[in-house]
């Protein structure tokens, strides 16, 4: 079934077509569920002036934070970017632009982008700096602001299991933004812990149907923990 | 865990609070995945002037079509209502009102209702009778119409497995509109083939988290087939 | 000779490409699945929430919870995914489906389509058709070139309530294959033995004919 | 005596009801989970996609793929559900979460809250706080009544960029429990040994005191 076999065997193939100035939508929350190898490949390719849409920007030495070292990022669209000294420096220098977006609005903007919905209304951010320049409309006596959807030339996603057709299953809270990111890329690239044959994933348990996915690569992940909290038993 | 045990033991309890003039959002596609017993209870209760939001209106002698016999429905919001002679008669008599809504727009209106999104834009229906009276806005040079969300006093849902907390799993294509309906009711009532204990459903495989669900009742379903098509092997 | 329903489906199937995600409407479009070329793989999307629709079930496989958008009992193909209606139309509306094939009452030379309602008769509803014509990357309409009274269904402007505007890319009728572009019907192929004159006569909208128009071969 | 962080959390826990779905912010709000009254069940929502958050894991249970919205490793409670971020905020924005507890820099007498940004210092971002204050049915803020310079954080009008307008229902500070309604701070309870005068002095916005204000008991 050549037509639906989306597995590629190198990171070069996985990120082929990435160019300066593109918008990349990335799954992950903090360091949880991030496509580590695809980010490393982006660092290696050295493309510049990128717009990255991701809830966070990693830390100084891991995740999307690595793209800051060679100043590859022009603009971040994120809800929280406070884990990262280099980010702070580039932001204050004016080398980096940030568009702070409430977390739920960000998730919905990605979903809307993939779902052909150019804009939606939300009460989130009404009366705050987030509402600046946005259309306000009343529904049932309450104010809402219009938020526009987001799409990208690429989406980079981490999955647990992927089949060759690109059907995806995510593991625990490593799911987070990954399913929305997967829908919003013109080219959606998935890095998976495991690749299985079509038919091995139960159809109703698939989180992301393969129609959204263009390329799949198998990877080993470091899975660094950002805040290691344990209890004594 | 009294606070989260949502299982009720009678259909009277399941539909308690239903009144004349209410809006009820129903899951199901054709006769597939419909909450048969909850519909039967609505027939038994005889409440009138109901607005029913459902992709279809059953057939003459099964599903939501049963609500037509005693003229309980004032208005249907549906994408397709062509399976039903009684429906046709009441519509032509002017006893019944119908708001035809494209299937995808209907699904999205329910989802938006549950998700606190009062309206969204879609290209579906632009230039057609569906666009009449609706705001048109351009994004990237294309026209879109604004569609408002739907919520109801009740949502009635069929699930395959429900746990006592109201977490739901749906079976095959009996899923259809049920997950969206579940989010959009002020009181969401679920009729399930099987009730399991909390912890038996794998957290990442739950289709509808229990937070949306108010009442759960166990049922046996007839599961009538609308178009029985088989192949000879 | 006008094409049979099966021949129309067979001709549409030649528009498929390996790796296509396709939504087939009710009627002739459904038959397209029977003519997928050898060695080519396409995945069928059914808008009630199934990507990877398989054949009808055997008696033993029959399951009331497994239907397609035409409410027929079906099976899931290997590698299928099942999801809710909002997700299903997210894929459709978001342009992820490569091709939609559907029937119509009328198509006009601008690619507008009327397919869901004949005023005066009962309104059955548009189902998923409006979402499909608004969202799919490519839309092919199958229909008879003229109605049973001999009146053309390929018009200068649709007369019935529209399902969508400026969206149909191609028509495979019982008489011809026609591309819809630049405000005209462009004749690409003729049914075997059907003359350009007959097609012209049964096309009310603007028909563009360039040179010799080949006959379809089956 | 001003309340300790634990006492603030303990007092907030008295606002819980059996069967509540609750989202707890970072800091003092997180401690509320330690004081859920005996025999009462509440379910904790973590906005990164977990309904039914359990305790921190043991060393053996530690899993990088199982974190909360504060990026701490956690466990899932029995009966938990895990879902994507869009679904998580559908529940929050849609008003399905009964109670949100979060910290703030400032709250004003109309219930507006500033909690995510101090201009001139680095902008870290609002995370999920704006969605939570816009969507939750009930919002309780925990904070010290005054900052370290003794300046009130309960103001006539917030001075910092807002997280949300007219949304905070109650404040549990180190000095008092205050209801925010009708454009004023209504004093409900005092910390043990803290006088109404001290609270008045540290409340810059309009404070309403009705009769004897009871002391909290721990």
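Should a chain be cited, it is by its letter among A, B, C and D, assigned in written order, with residues numbered from 1 in that chain.
Quick note on the criterion: a contact is a pair of C-beta atoms (placed from the backbone, for glycine too) under 8 Å apart; a residue touches a chain by one contact, two chains touch by 3 or more.
Because the structure is predicted, anything quoted here is derived from the model rather than measured.
Asker: Out of curiosity, which chains are bumping into both chain A and chain D?
Answerer: B
Asker: From the C-alpha centres, identify the chain that is farthest from chain A.
Answerer: Chain C.
Asker: When the C-alpha atoms of chain A and chain B are each averaged to a single point, how far apart are the two points in Å?
Answerer: Their C-alpha centroids are separated by 32 Å.
Asker: Taking each chain's centre as the mean position of its Cα atoms, how many Å separate chain A from chain C?
Answerer: About 35 Å, centre to centre.
Asker: Can you give the whole-Å distance between the Cα centres of chain C and chain D?
Answerer: Roughly 55 Å separates the two chain centres.
Asker: Can you tell me which residues of chain D touch two or more of the remaining chains?
Answerer: Within chain D, residues 50, 76, 82-83, 89, 92-93, 134-135 contact more than one other chain.
Asker: Please output the residue numbers of chain B that touch at least 2 other chains, ranges allowed.
Answerer: Touching at least two other chains: 108, 111, 115-117, 122-123, 170-172, 175, 203-204, 207.
Asker: If you go through all the chains, which pairs of them touch?
Answerer: A-B, A-C, A-D, B-C, B-D
Asker: Under the definition above, what is the set of chain B residues touching chain D in their complex?
Answerer: Counting only chain B, the residues touching chain D are 1-4, 111, 113-117, 163-165, 167, 183, 198-199, 201, 203-204, 206, 209-212.
Asker: Any idea which chain A residues touch chain D in the complex?
Answerer: Answer in residue numbers: 29-33, 55, 78-82, 88, 91-92, 98, 100, 102-108, 110-111, 122-130, 170-180, 207, 223-233.
Asker: How about chain B: which of its residues touch chain A in the complex?
Answerer: Chain B residues touching chain A: 108, 112, 115-123, 137, 139-140, 142, 144, 148, 169-172, 175, 203-205, 207.
Asker: Where on chain C does chain B make contact in their complex?
Answerer: Checking each residue of chain C against chain B gives 46-50, 55-59, 62-68, 70-74, 76, 82-86, 88-89, 92-93, 112, 117, 122-131, 134-135, 161-165.
Asker: Considering only the defined contacts, which chain C positions touch chain A in the complex?
Answerer: Checking each residue of chain C against chain A gives 17-21, 40-43, 45, 50-52, 76, 78-83, 87, 89-97, 134-135.
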